[in-house]
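Below, chain A partners chain B and then partners chain C, in two separate complexes.
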Partner chain A sequence: MQKTQQRGHSRRGPGGYVVLEPDVGAGKNREFKLGYSDLDRLKAYLNRYAITFGLFQDNTFHDRLFPFGTVPRVIGPWEFDTLEKGLRQRVHALNLFLHDIYHERKVLRDKIVPEEFVFACPAYLPEVYGVRPPANVYAHLSGIDLVQASDGTWFILEDNLRVPSGASYPLIAREAYHTVCPGLISDMPVRESRDYPQMLGRVMDDVNPGGISVVLSPGRFNAAFFEHSYLAEKMGVPLVFGNDLEVDGEYVYFKDVGGHRERVGAVYRRLSDEYLDPMVFEPDSIIGVPNLMSVYRKGNVAIINAVGNGIADDKGIYYFVPALIKYYLGEEAILRNAPTYLPFFERDRNHVLQNLHRLVIKDVAEAGGYGVVFGSMLSADKRRLLADAIRAEPRRFIGQEVVEFRSLQVFDQHKVVRRRADLRAYVLHGKDISVWPSGLTRYAMDRGSMIVNSSQGGGFKDTWVLSL
Partner chain B sequence: MGLISLRTANQLYWLGRYVQRALDLLHRLYETHGNETAPVGLRFEEFCECLGIESEFANRDAFLQSLFFEKENSYSILFSLTTAYENAVFLRNTIGHEGFAYLRLAFNTLESLRVVNFYDVKPVIDYLYAFWGSLDECADRRVRAMVRWGKWVEIRDLAGRFEDSDDKLEKAVGQLQENLHVLEVAEHLNVAQALDREGGIDFTNELFTTIYRP
Partner chain C sequence: MSSSPQFTDLEYERSADGVYKLNYDVRAEMDTPIRNHAWCLRLSLPDDDFFEVEHFSRYVEPECSPSTAVDYLGQEYSYGLVREDHSVFRYGLSATIRQHSSYGRRPDTVPIQIFLRSDRLTELDHKNIPWLAAFQSPDKPKDPLEWSIGAMHEITQNMIYLTGTTNYSTPAGDAVSQGSGVCQDFAHILIGLCRAHGVPARYVNGFFVGEGETHAWVEVFVQGRWYGLDPTHNRLVVQDYVPLARGRNAEDCSLNRGVWSSVVQQHQRISASLVEVGE
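Up next, the complex of A and B:
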């Protein structure tokens, strides 16, 4: 076989291959590579199972195949070790913050976080003030978004403590790698990640006050319906819709077709707080379970993630997370936030307004990559309008330095191109806090683009964490 | 034994019916119009009459094109597989993602075809049999019984429409009765009543006359 001229380069042509980066084989005097034919097989494998992520365009639902970038992201063991420590620390602090906000509120009295940032936030739910979730766990499953700058530094971009999606995609992709190229995975060697459903199942068992566990889906036309279905199958629990459950007295039950019913102790819900219980939140919701909240308040059902978590992953609160880590744990944050400014504070507001041309501005009420504006891409008129909006509603925005994050290899149309990519890491919190040794790497479809969100057409990769 | 909601039971039943409708009609079309010596049995006008649809087709080719690919024809193979697939999307966790994949392959293969060629359709039949096999391997026995219930109701329905032999009708009834050993009568009743509500038909009576017909 013809040898490549330089390590890390790919050979083109029908017998071509991609040398995986980082070049972890260099020290072992060998290359770890994936042939083009295997990359094609991997794509075909996922097509076979209809791995979809729905998109709403022009008010129409399109259940499209989720673009699969078959070249995996590789993270070395030492690097992941640091990520793991930092992520556990962060989720630990956020869990304590959630308990505090819905109980003692010491963090407000000690002025670590201004009250306005809590009480003006729509995700703060007074309905759960004083409610202690089973085992006192709020953030059972957190999806923490990170990017790696070109110098290798990792930055946290966003915390997702409500209904973070995406783990099933690298999970099924890993099945594909084990089928198509099992030798490569064992040679490198890559840490096992296919036990994610069991990890999640254990978290549910840890907090379950009695009864079966279920996955509660809003329905077929949810963007991540594939994931709801796949995880339910792999966890061996029923996938239910709201009208499959009923509350009777102190408990919630699953109604079996045979006429009997089973008590439900843990609900991995994939719908937002406002649709969970029409008797408490959105009265027109037909996808929730009437009176579910009354059972939750009594501690007779665990809701995963806890109701009211949105206050902790609000983009405004993000600014304060390093301070929260210091406050609750007495430690410095291991992982850094992207440099962020809060226009709410006069000094930061002036900085943002003076540097609008080079900052990225985010609307705290938006998610999924929406409401993100790069100042450098705005016309002078639009920049003026944005400045006016920031002056009028400073609490609504944050400003961030643009992190030039790393581009990864993507196999596209039989050639390797580079696209910017982030990483969603999954942190599970039951009796213990653990980090799934994989993650959803999302990449931008277009060259130079920094929008990697699945809801805006981005693709995904598996994330390989090496054990040696 | 796994838990099954009423909604899921309903969808399993219809999944079984539509998969079997596609498979049964593919066989019947092949037997009657699948080679040069055909039709050995029914002309296409008679085939339409059995199904209770208008036989307004200009010729046999137009009839076959409609029976295979017309999305608005509720007896077309494509309609059956589309509806079966839509049900399967809801049921992926219940029937297993391998079973789901075979159904998807059958659907995709048929959808990729433009003209009727019985050789090209063979893989569709293969995938549908693989689906039934996968169901036996992977699914919970109550789930299997629900889907099979739909399957044998469809076989019995088509056998009646095409005036098949008494042996075939008896076999279908026998299979439906066998399912009663797996599913409690109450479950059949619950699903039947749910179908009555959704479909506006008196399915509960139909169920019992089907199973307990003298």
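Up next, the complex of A and C:
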């Protein structure tokens, strides 16, 4: 039987196309659509870049192609406006929290956050206690993960304030759209996102106490090395490894191949705290810069992001972020957390234990989609084991309601399927706080799956934010 | 807590006055020259209420205009960079010190709770070691100082001092399993026990009268004061000790860290002496 073609549906066959959602052209009596042939060309364009990410599985390192979903996610102007306000508010509060927790600790004295959640957390680094980073900015670049429920409500799933990555993927995808379908992207009208490197560069300038800016990469075997080199090139700053930098006296310097050296004022580091300075952290680290922490302590270099940020994106601290927004800013949180229970509190613990079958339980020490357990998928025995573990170490877990989040169009083997997706938004904090008008949309590989992490086989999309 | 401290009969109350001369010298010889050698040395006596420094000098060779910085515990340290080839790296200090007190009351710069957090070096698994089983209950002891002294006695009775059986990165648990170790291991074990029972404990690297090398001991925080315990010698730290670095564990307190970019054999000659010279 021949089906009538409806708006919002894709037409199949060689001349087929996908109508982008939300269907913003509907009122203007026009369709914003991507033809199958364009979708194929987009895929080919991205394949040329061979965008990979490293995956550590069964103790071996795999380089995987990061699947590219060619149909972009579209976010309308009003919707993005709310997101933007909420994200700026959240990062503002988290930055104040980081300052407080490494200085006066008012938030603990006022009992907004229980002490145990800070001092017992390995991410709380005494090494930076009392250190004031240049311009007092800690969270220069935050990757905030959100999901949109089926009714349109956005929920914060996770904050990433250490070394959030992934912005280069939608950036390259955007280049592809400008090459393959320049008409569509200017008609829609999609907000420009290709100035992300400039936004990041401005943040570095804002906090730089003197000298040049650099991108510090752990090396070409790092999972995100592609991104390090891409961003350095687009920002027009040197891409350096640890041994290209040296600390001499009060400053850190970049030594170029000609033997000249130049003071470095801002380091966008893509290695984690424990490898940053072998004199203070992991003594065997050969990818760090010896004595970097000494000049950092003196305020003579900005490290982006600040050292010790892990305490702010801890899964246990997440629970308290709405309270932190209220405490530091005197405002209600604009964006909601996914409903979360903390077994640390007896009332929450009882609720979690009684509702294990419908909650998602997360181990606060794990990341990248690991240590996430859906109670509904456990056998009775396994559920009992989990309950015992929660009773034994309540501080280690959080319980969350399962948010039935929205599925997006994914063009797969010449048909459109629906996959659940989240959004990583990038928030930049220099003199001001701003939100990049794009973001990394990650989708689950399998139908019905809620795990979108790239380390678990998920793919990515560009995110188009529309202007008014 | 309302009760007043009950340790008037303890040795800590004894006068700890005494004047000491300290000499410390380390000479590291490399079999092939190294260059671009970044170093970080703890060669400053802590600004402390345990003692008063009457004379102090230190040196680093080859000459390289060292810088100083202050760590998170408020302790000064030196760092620098030797660019040119060198096959000898030498550093040391000499000082005259007057001991004042046997416990420290100066407020800490960091939250005391960080000295309760277990770490890789001080973590203990009580289950498999019979003598540790007595410490199974994680309850906070009523008199934490008495309790810590008791724990120190237990360590001395169940551990053998034996060099060469552990190294600088041996966790306390491994030392306990094999039943032997050196001052660093003894200190880590005592710290692990204290922290597991809610008594803040920190590691001290420094000098002890008569030793030819550096020595390590422990300080516990009880009712607003830091008290020293030496689990290697099973004694209270009242006199005859000079601290150089304090921290969460031995790694925090290493006196010398260095980084250079070639593989060399290193031979170190260390001499340390702490002698009491009277009033």
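Definition applied: the second predicted complex is superposed on the first by the 464 of 468 C-alpha atoms of A that agree within 3 Å, B and C clash if a C-alpha of one lies under 4 Å from a C-alpha of the other, contacts with A are read in each partner's own complex, and residues count from 1 in each chain.
In the analysis below, a contact is a pair of C-beta atoms (placed from the backbone, for glycine too) under 8 Å apart; a residue touches a chain by one contact, two chains touch by 3 or more.
Predicted, not measured: the structure shown is a model, and the values here were computed from it.
Model built by superposing both complexes on chain A: chain B and chain C fit together without a clash. After overlaying the two complexes on the shared chain, residue contacts for A:Gln456 are found with neither chain B nor chain C.
Across the overlaid complexes, the C-alpha centre of chain A sees chain B and chain C at an angle of 90°, to the nearest 10.
When the two structures are aligned on the shared chain, A:Val247 is found in touch with chain C, with no touch to chain B.
Applying the stated contact rule after C-alpha superposition, one finds that A:Arg48 touches chain B and leaves chain C untouched. Looking at the shared chain after the overlay, A:Ser229 reaches chain B, while chain C stays out of its contact range. Once chain A of one complex is fitted onto chain A of the other, the partner contacts of A:Arg220 are limited to chain B, with no touch recorded for chain C. In the superposed model, A:Gly130 makes contact with chain C only, not with chain B.
In the superposed pair of complexes, A:Gly259 makes contact with chain B only, with no contact to chain C. Of the two partner chains placed around the shared chain by superposition, chain C is the only one that A:Lys298 touches, whereas chain B remains out of contact.
Fitting both structures onto chain A leaves chain B and chain C with a minimum C-alpha separation of 10 Å.
Comparing the two interfaces of chain A, the one with chain B and the one with chain C have residues 243 in common. Chain contact summary for the complex, chain B toward chain A: residues 2-9, 89-90, 92-94, 96-97, 100-101, 104-105, 184, 186-187, 190-191.
Listed in rising order, the residues of chain A touching chain C in the complex are 105, 115, 119-120, 122, 124, 126-131, 243, 246-250, 278-279, 283, 290-291, 294, 297-298. Listed in rising order, the residues of chain A touching chain B in the complex are 48-50, 212, 220, 225-226, 229-230, 232-233, 238-241, 243-244, 254-259, 262. Those residues of chain C that touch chain A in the complex are listed here as 36, 38, 40, 65, 67, 69-72, 79, 81, 109-111, 113-114, 116-117, 248, 251, 254, 257, 259, 261.
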